[in-house]
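The structure is given below, and queries will be raised subsequently.
We just call them A, B and C in the order they show up, numbering each chain from 1.
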Amino acid sequence: MTTLHLGMSTVLHIVEVTGIIAFASSGVIEARQKEMDMVGVFTVAFITAFGGGTLRDLLLDRRPLFWVEHQEYPILIFLMALISIPFLRHLRHAVAEKAIIYADALGLGLFSVTGASLAAEAQMPLFVCVMMGVITGIFGGVLRDVICNEIPLVFRRGQLYATCSFVGCWLYLLIEKAGVTQSVSLLMGISVTFLLRALAVRFHWTLPG
Amino acid sequence: MTTLHLGMSTVLHIVEVTGIIAFASSGVIEARQKEMDMVGVFTVAFITAFGGGTLRDLLLDRRPLFWVEHQEYPILIFLMALISIPFLRHLRHAVAEKAIIYADALGLGLFSVTGASLAAEAQMPLFVCVMMGVITGIFGGVLRDVICNEIPLVFRRGQLYATCSFVGCWLYLLIEKAGVTQSVSLLMGISVTFLLRALAVRFHWTLPG
Amino acid sequence: MTTLHLGMSTVLHIVEVTGIIAFASSGVIEARQKEMDMVGVFTVAFITAFGGGTLRDLLLDRRPLFWVEHQEYPILIFLMALISIPFLRHLRHAVAEKAIIYADALGLGLFSVTGASLAAEAQMPLFVCVMMGVITGIFGGVLRDVICNEIPLVFRRGQLYATCSFVGCWLYLLIEKAGVTQSVSLLMGISVTFLLRALAVRFHWTLPG
């Protein structure tokens, strides 16, 4: 049981680091496209990775913030911004882009479902829990686009993104309510969000306009 | 007395729903003009309706947030976003546009004056109370325009908007300070804001540039 | 000792007012360039002056906010916005622009270092303290540019700005940690930030792109 829990938390930790790097990378890429300097690259990467969770924590009045408790993550992004200047040319490789899409889908799943779970812990009503999950998952990207002076990508017609998070959060909350243990319901919510997103990218699923 | 209070709170409740629908509608319209999908329409409508009050609550450190306590409002906006896709063509009708302007003016009055009243309850200094009222009234629209990548409409030269909220909040706070009962001072503040805004639209009043 | 402390706090107060006026002025200028009316001018000036500190206080969960405790500052900016309409023509004079650059550098130093010091008081980890300092110093300008629909100036390649704040905050925190009294370490952090910024402007120092 404890071993299972330990294995689970290791898996979640690896997913977390993967997701943060993927989110930050999309920030680095957009900031570089806008010809920002290192300060801009760091800030945009940081906001993409932690903006959603920070907004959720402000709305729920939770402290300390995630990245305050884990200063290794801001430092990681600082180093990413430092080395991105010489290395970014190579990062824009087609293989890297595909890897980022799937790593991002993993991050979307993890951040959304843990966001919904924190809201549920704080006794929020059900629909609000789903909203907090989706906010955690997508608002980093929304803030990235606002700062880069673009209409947020996630609101433009394209392959399903927020919708995957929405479905994954509902699934997680309903399974959890039905009495399934948290580690199983977390894993199911994350997996379904990830799979839906991967399928949406693969088969070009969009919302009806 | 209790009947009067009950009647008053029913009136305020109707004004509230009217205002929320008007604010959300302006969000729906702007999001559709930017060719957003349903996720964008919902988010922009939601932020237009609740962004001002949420910012005020973050600044005043009030919890639970209004829309967390009343999850029926986010659900209402979710349904509006769902049905807006097929029905929006008809919503852009000239009569509907005029109705939205006046409903919006009602919302501006209610949100501004209740914002100022909550700040006064929290013992804020007078000028800050007025600012909190104006923030509550106008920042939903400001955030809507920022997300839609426009310079906020309310800051561009046009018919008085924030100024009506500013005058209404001062009036409310001064009458209240003079010892008038709250229900009367609330109604006066809301009515004056509404009337000023309606007159500004009707006679094209603007600030000197 | 008390006299020294008193003298110190008078100096800091003068620096504070100078910095606030400089930050607000840059907001006034940008809002006027975007042809905003008085409501826009006030809001943009206010956000430029207090946006960074307000964001820091939201992240640290500190209340009351600085401008709530000192309502004379919002009132000062309100008056600045009122008189800016007729007088701004003259404000765009070359001498005035240079004065604003140096007053702004003073504000950058003060706001950054006091931001870092408040975070240190709140027991934040070291790297997070530096981030809070930089956020306090630069995010007013970031929010100004976001509202004015521009990519933030501070993220575009130009003369060092955030970097000066970054260096000044590290210096302050390390000196303070080394046991130097706070008034000395504050003054050193502020002076170094100011000097670096002044030199960057004078000699066109930029980050490598």
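Simple rule for what comes next: a contact is a pair of C-beta atoms (placed from the backbone, for glycine too) under 8 Å apart; a residue touches a chain by one contact, two chains touch by 3 or more.
Keep in mind the model is a prediction, meaning the values are calculated, not measured.
Taken as a graph of touching chains, this assembly is fully connected, with contact between every pair of chains. Different-residue interface: chain A and chain C share under half of the residue numbers found at their contact. In terms of their C-alpha centroids, the spacing between chain A and chain C amounts to 32 Å. Shared contact sites, meaning residues of chain C that touch two or more other chains, fall at 58, 61, 146, 149. Partner chain B is touched in their complex by these residues of chain C: 31, 34-40, 43-44, 54, 58, 61, 63, 65, 67-68, 71, 74-75, 78, 85, 146-149.
The residues of chain B lying in touch with chain C in their complex are 58-59, 61, 124-128, 131, 142, 146, 149-152, 154-158, 161-163, 206-209.
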